[in-house]
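Here come two complexes built around chain A, the first alongside chain B, the second alongside chain C.
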Partner chain A sequence: MYFCLNCVVIMVACSVGEQHFLKGGIAQELRTDGRKRLTYRHTYVETGVIPQANGSARVRIGGTDVIASVKAEIGRPSSLQPDKGKVAVFIDCSPTAEPTFGGRGGEELSSELALALQKCLLGGKSGAGAGINLSSLLIKEGRVCWDLYIDGLVISSDGNLLDALSAAIKAALTNTALPKVQVSAEVADDEQPEIDISDEEYQQFGTSSVPIIVTLTKVGEHYIVDATEEEESQMSSAVSISVNRAGHICGLTKRGGSGLDQSVILDMISVAKHVSETLMNKLDSKISKIHKQLVDSIVYGSLFKVEIKHNKLHEKIVISFGSRD
Partner chain B sequence: MEYVNPEGLRLDGRRFNEMRQIVAEVGVVSKADGSAVFEMGNTKVIAAVYGPREIQNKSQQKNGHALVLCEYSMAHFSTGDRRRQKNDRRSTELSLVIRQTMEACILTELLPHSQIDIFLQVLQADGGTRSACINAATLALADAGIPMRDLAVSCSAGYLNSTPLLDLNYVEDSAGGADVTVGILPKLDKVTLLQMDAKLPMETFETVFALASEGCKAIAERVREVLQENTKQLEYRRAA
Partner chain C sequence: MMMRKIQLPFTQTQKVRYERAIERLQSLSSTVNSDASVIVTDTIPVNHEDAFLKGHGTSEVDGELLATVCGVVERVDKLVYVRTLRARYKPEVGDIVVGRVIEVAQKRWRVELNFTQDGVLMLSSMNMPDGSQRRRTSVDELNMRNIFVEHDVVCAEVRSIQHDGSLQLHARSQKYGKLEKGQLLKVDPYLVKRSKHHFHYIESLGIDLIIGCNGFIWVGEHVEVRDPVMMIDDQKDAEMISSSSSTKEQSHTPLETRQNICRIGNAIRVLSNLGFTVTVEVITETLNLSNSKNIDIHNMLGSEFHVVVAENEAERRREKRKK
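Our next item is the complex of A and B:
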């Protein structure tokens, strides 16, 4: 995994006084918004936001707002790895987040983020250390498999994009339900077998080994978690560490021009492991709370499709019933 | 295929003159000067306005008027199939059309030497994205405090199974019948956008056009309500 600092820095004008205030606050464990160095901003998770996708989630960390969607299509496994399905990650930085993302401006950042997330989820070239079990996407060896397309969209950016995107992708994968597929009996080698995609039975996607990313940003002498855009503009270097539930490091990247001492990096890794545990617990509990609410309120689950929307402006829950099709 | 059954109900249970459910909210993108999300049924669009700010490209400067730029983009997951090129011809055409509509309603002569950027992001597309974008842009411009002549609102109508239908969704739109999109300035009672594809006899066109205009007026009411509610909230927060 490599990262180029130039495309990630978004210009935030900071006067000398503001810079001193930022650095001084971080040194004294009191950041500009009152947080401690290792505290995350208020995180809001919503799943199932894109009805036509197989799974989706929206994550808001402070002012950063991202949506991730998972779409599954039937495809053919590659000849080099006939026993595995395929996963591709695409990120789009919407110009609503930053005017400079308009036209082709956001392409560099989008491809950097997509590459980092792809490496974090899929491990090395041979598939070793992958967070997603590609063999579970296989339907018929060498012939039929699931192609998962994970799309991320950055709607609003206030720093810490990688963390938000990885959390959204994990939540979207937890929300993903792949329909059960029946493959017809043996056919000739060069013919495509007939597939019957079930409308009724679904299998939930297993995400216990999907990692999330924790970014530690070094500003001055100390490092902070969940940097805002202002804080990121003052960073000397940042390390993004991808950790899974078991506490294993699935990926690491350092960006920024300034060098870091070895002991500092090792310390950052242990801090990241500790922080990721709390973050993952928070994420998992929010997702399971949403699922429980849905399950409790689906009375005629097999007859009607229930859609629940929490309208924040008018503080009410809108439940709409539709006929199942 | 039957788009309107003998009892007068459409595929999603609406009658010919019923619009889909509208959900609108202002101030969703904290960093933008103004932003809004507008939903018409399953079509969901976010608009963000950055401006008025300094002109980035001096060569595009207009004499004595503000420069209005608009960009329309669809998310990869917005349509049923994933294929969505970023700069395809449809996006370019829609960006131009929406820019012209909004430019007609912004008082650009009050903000010379400045630039107003309107960015539209489609999250879900189910027919009527053009109209949803214009409505979202109006809300976002109002949220940004940009002076406007009136609230530009838009709605579409079509003609299937010999019935004029208001607010087509994707299935009805791809049926091959006519699709008329109308954008109006309700208080001034002026038309700023009129587009149609396929063909219609003149009298039928007038009926469909009138139906779309009625739809626009209803949306204008809703947009006004949302803005007034937002102002009330701002007032509460300011307190005594």
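Our next item is the complex of A and C:
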């Protein structure tokens, strides 16, 4: 659950005078854009941005812009855990965010982010403590299960990538609709059963227990939440804590070279729990607002059969509603 | 006026208000130039009998002069060219620029200016710390790091443009030099119009505002421009003080000045997002607006304040027009 990263720090040029101004601001509780130490930048969430994926979301926190997508494929559960589905997390840092990410430059950062997210969402090797309920991905024990591939893309980087990615993944999972699967026939043990994937019925993925990550960056004597790239370049260490709705810690990651006293870490954990509550509420309300708009339109669409005819003679489109059979 | 696509999500009412404000601004802008804006493959109206020179952004196809970039058609004597809007900084001699030192090279510093090439600030174009006017020796060259180091923010003036396009800068007056105790903001160069004054000292707030023509804007605590003769004594004092104090706790910027710096910084960010020209009047106007509406410094970057600023700007220009 706890491990250390040697993170690639994106160097932002900062003169001595500017560094001093930055640190002074953090000490005086007034950062360069007017935020307090524990305030997040303006966050915007959009879901359903990738129609071909089962679920997707785009999250913008200030200048940081990330997209997460969830694709589900039918697979076979591993023999060690026959009653659980599989989830894999991949992150890609696009060169549009930073020119240094082109080619193999972004690989190190991408693999670190993916590892941190995987540890936070999936728990330990036995599957214990996972934020995502892997048993809900099961279709037939030992034979058929859902494989979820979660991909994250960093389009623009202005600090605090982990928080943005975890929020995007949570929103994407809330947006994910898995088609209902019926196992058609009973077959012998060594054969794959036939499955029938429904086109119309979907089940929403339960995400109430999916955690989000809150990163606390220590600059000088104080910690801040949601650091910009400039502030991150001045950090001594950063701790990313993954908290779920119940207030339980699901994962912890530390970056940065300087060591931390244990009292500082415990203090950071309590601050993170406190901050995560507000963040979680904000995120959930934004997602449910989008959902409500979506559900309204789906409900409306399913009540009526919509027929669209192009009336070539009169050059107009006629939309007629009939009752659904 | 170009309508910029804003990244902020607006609610329905905000969108309506914003669009209305932009419409009013567009109607207020001089209509003479409205037909001068072109997009790619638009024909540029040219009198074919007169001899004219085809400049940047144009190309002759089938006897017609077409624009190859989106921008505004400019005519200078016989030259017809298309000036793009979101271009890199176009320097002119005498421009005041703010830049960041990238390299300390032999007898010069290389400065990043948001231009196609780095600006060069020669050691000889810089005042000596003790204020004396003399030939720079090799000892001076070795001590270059005492003046500017990498990542320092400096303010200088464009002295000349070399034949290969690179810029020569000079910082020969006391008001130029290293900038500390503040923040550097970057806006698009086309938002900064050349004017008589680029150094602004806002007395009521105790803040220095330097609007560089290259789009780099410095907002910081006010620093008194010192006489070089006095500098020698002050330097000796400063050395004594710095050697005695072991901690780096130099005086932090007082909270009120810091709040003003952050407010001005956010005002500039809002204006840059909306695509309005950045001048001292507009900045102080936005600042007073945020103060009068009691908007929290951080909320200045929210969607609501952007709409309010757009509406206010439309009002302000209409008032100016009436006078």
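Structure notes:
Basically, the second predicted complex is superposed on the first by the 291 of 325 C-alpha atoms of A that agree within 3 Å, B and C clash if a C-alpha of one lies under 4 Å from a C-alpha of the other, contacts with A are read in each partner's own complex, and residues count from 1 in each chain.
Definition applied: a contact is a pair of C-beta atoms (placed from the backbone, for glycine too) under 8 Å apart; a residue touches a chain by one contact, two chains touch by 3 or more.
Computed from a predicted model, the values in this text were never measured in an experiment.
Legend: residue contacts after superposition of the two complexes on their common chain; A:16 is shown touching chain C, with no touch to chain B.
Judged by the number of chain A residues each one touches, B leads among chain B and chain C.
Judged by the touch definition given at the top, the superposed model places A:28 against chain C, while chain B stays out of reach. In the superposition on chain A, A:52 makes contact with chain B only, not with chain C. Contacts from chain B toward chain A in the complex involve residues 23, 25, 28-32, 35, 42, 46-48, 50, 71, 73, 75-77, 79-80, 82, 86-87, 117, 119-121, 123-124, 229. The touching residues of chain A, when paired with chain B in their complex, are 50-53, 56, 63, 65, 67, 69, 71, 73, 90, 92, 94-99, 102-104, 149, 151, 153, 155-158, 309, 311-313.
Against chain C, the residues of chain A that register as touching in their complex are 13-18, 20-21, 24-25, 27-28, 30-36, 39, 41-42, 44, 60. Chain C contributes residues 7-9, 100, 102, 149-153, 178-184, 220, 248, 250, 252-253, 255, 258-259, 262-263, 265-266, 269, 296-298, 300-302 to its touches with chain A in the complex.
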